[in-house]
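Shared between the two complexes below is chain A, which pairs with chain B and chain C, respectively.
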Partner chain A sequence: MPEHAALDEIVIARAVAAAVQRVPGVAGIGQGRHATATYGPNQVIRGVGVTRARGPLDIDIHLTAAYGAAVDLPELAERVREAARAALDDLSVEEVGGIDVTVEDLRVGGEQP
Partner chain B sequence: MAETRQNVAETRPQETAPARATDLVTEHGRTTIADDVVAKIAAIAAREVPGVHELVSQGVGGTLSGLTQRVAGGGGDNIGTQGVSVEVGQREAAVDLRMIVDYGVSIPQVADAVRRNIRNRVNSMTGLTVREVNIDVTDLYFAQQQQQTDTRVQ
Partner chain C sequence: MNVFNRLLALVVSALLVIVAGAVLLVMLGLAEPASLSPAPWFTDRLEDFAALTGSDRAWTITVAAVLLVVGLSLFVLELLPGRREPPRLTVRQDGMGRVTVDRRAVQDLVSWEAAQVEGVREVRSHLIEGRDGLRVHCQVSVDPETSVPELTDTLQQRVKTAVERHLGRAVAAVQVDAQVAPLANGRASRVR
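For the complex of A and B:
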């Protein structure tokens, strides 16, 4: 188990981004107009903002949902939140504040970006 | 130009929305649904109704606007929000729609079906209650006329 104190924001953001993209109903992340991202040396994880304002980590996820007749967006956001939380648990990140989810776009046809 | 702008009181279904969590602020974080997403759901829902030929944006004439929309749309099977504007509140949304309908269909029936479909889709996908759907029918589409102009172009 890695120590959470040793984890960069960018590592956390990458794990969250990977987990979120695997959630059925998510067509992509970070494709909208909003520039939510986590920046590291020579790299950017778009669509996932990890910030440590004071103490706990705040996670901000911006995603594009796949259109489907059965998609309930608040429910999808909840599944995304659970997936993000599971990814954070895997990294032993304990101090998590809020996980905000914004559905910023909708894509028709297929779940692949 | 035909216009079906019906009274909200007439078109609003009497049943109240089923009890569900429309409050998107949970203890674990906030969920935000962009207005564009609501507009897109409405646009898709409108197009699902047979008889709706095209949605057109404000200002430009019907067929021309439809053409530019197809050209400018560009995103393959992705769909834009042209011809749709939404106002989204905490729990309710209002939708304004401009569309071209196929010649020969009953416009009030198509408009009713569009309202119903938008209301159902937006509610099931976002939890928002659609308070009103205002529909402007800006033009009619004649299939035959289109074929003629097509052959003339060729």
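For the complex of A and C:
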């Protein structure tokens, strides 16, 4: 893979990860049971996979949700996708195939349910 | 079946196939005992089989053939992937992508909600995706003084409400198996 492509992907993954972590209801990313990450030169962004397997970019986000009486996981996932989409727009990334969101874990306060 | 049991079944079925196959080959005259044996002890055993005549020979061939078929079937069945539940539940799929929730996270959610019910000491939960919605199975260990019918009603309602609210998926049934004794070894959540 050309180095500039890997660099692009790591930049995208970092921006998406930062945006997702700011979404209320997200307790963390990349802390779950399955390893999803984007690897770049000397750096790894865990919880966000960025691939170009089908041409346009595919984004795969793995997060831990804060569990509470009001949490609605599909709604949370929607907010996460919107945040990711906004981060991609900021980077002028236009060709996005899909943004998949996986809720890997739930956390009540500081512990899992 | 866990990994150890699966490996054990594979080894046993492979041994069955090897032994029954060797006996059959020798008795049908397709191979010499010495050419099939990894050790003298096994050669002696095969020669005993080769020396059989009459009805003993017919019975031995029949039994060896049956064991060969059983061993082969067991071996193939153990190698097949089997009907495993997918590791994630899809809660939404649209043009923008797919939203999934890890099955174990949902099971943890169910266990956590069940554990909030007064009288529940341990919980183990399991999910199945049915055509009409999710089917939740809870195995719980309860306090002996607890009214089990009341507890199961409360638990069913609580779990159904929580899963439907948090996942946005319909729950077709919540089955509860309650017992006073502690749950057997496995992935159970001890809550009290």
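In this section, the second predicted complex is superposed on the first by the 102 of 113 C-alpha atoms of A that agree within 3 Å, B and C clash if a C-alpha of one lies under 4 Å from a C-alpha of the other, contacts with A are read in each partner's own complex, and residues count from 1 in each chain.
Here is the rule we use: a contact is a pair of C-beta atoms (placed from the backbone, for glycine too) under 8 Å apart; a residue touches a chain by one contact, two chains touch by 3 or more.
Since we're looking at a predicted model, the values are computed, not measured.
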Practice problem: Following the overlay on chain A, give me a clash-or-fit verdict for chain B and chain C. | Solution: clash
Quiz item: For A:Val93, is the partner it touches chain B (first), chain C (second), both, or none of the two (neither)?
Solution: neither
Quiz item: Should A:Ile12 be classified as contacting the first partner (chain B), the second (chain C), both, or neither?
Solution: neither
Quiz item: Is A:Leu63 in contact with chain B, with chain C, with both, or with neither (first, second, both, neither)?
Solution: neither
Quiz item: Does chain B (first) or chain C (second) touch A:Ala83, or do both, or does neither?
Solution: neither
Practice problem: Mind sorting out which residues of chain A both chain B and chain C touch, each in its own complex? | Solution: 32, 59, 67, 71-74, 77-78, 81, 85, 98-106, 108
Practice problem: Using the touch rule from the top, collect the residues of chain B that touch chain A in their complex. | Solution: 21-22, 24, 26, 28-34, 36-37, 40-41, 44, 76-79, 121, 124-127
Self-check item: chain C residues touching chain A - in the complex, by the definition given at the top
Solution: 88, 91-92, 96-102, 104-105, 108-109, 111-113, 165-168
Quiz item: If you look only at chain A, which of its residues touch chain C in the complex?
Solution: 32-34, 59, 67, 71-75, 77-78, 81, 85, 98-106, 108, 112-113
Practice problem: Would you tell me which residues of chain A are touching chain B in their complex? | Solution: 32, 59, 65, 67, 69-74, 77-78, 81, 85, 98-110
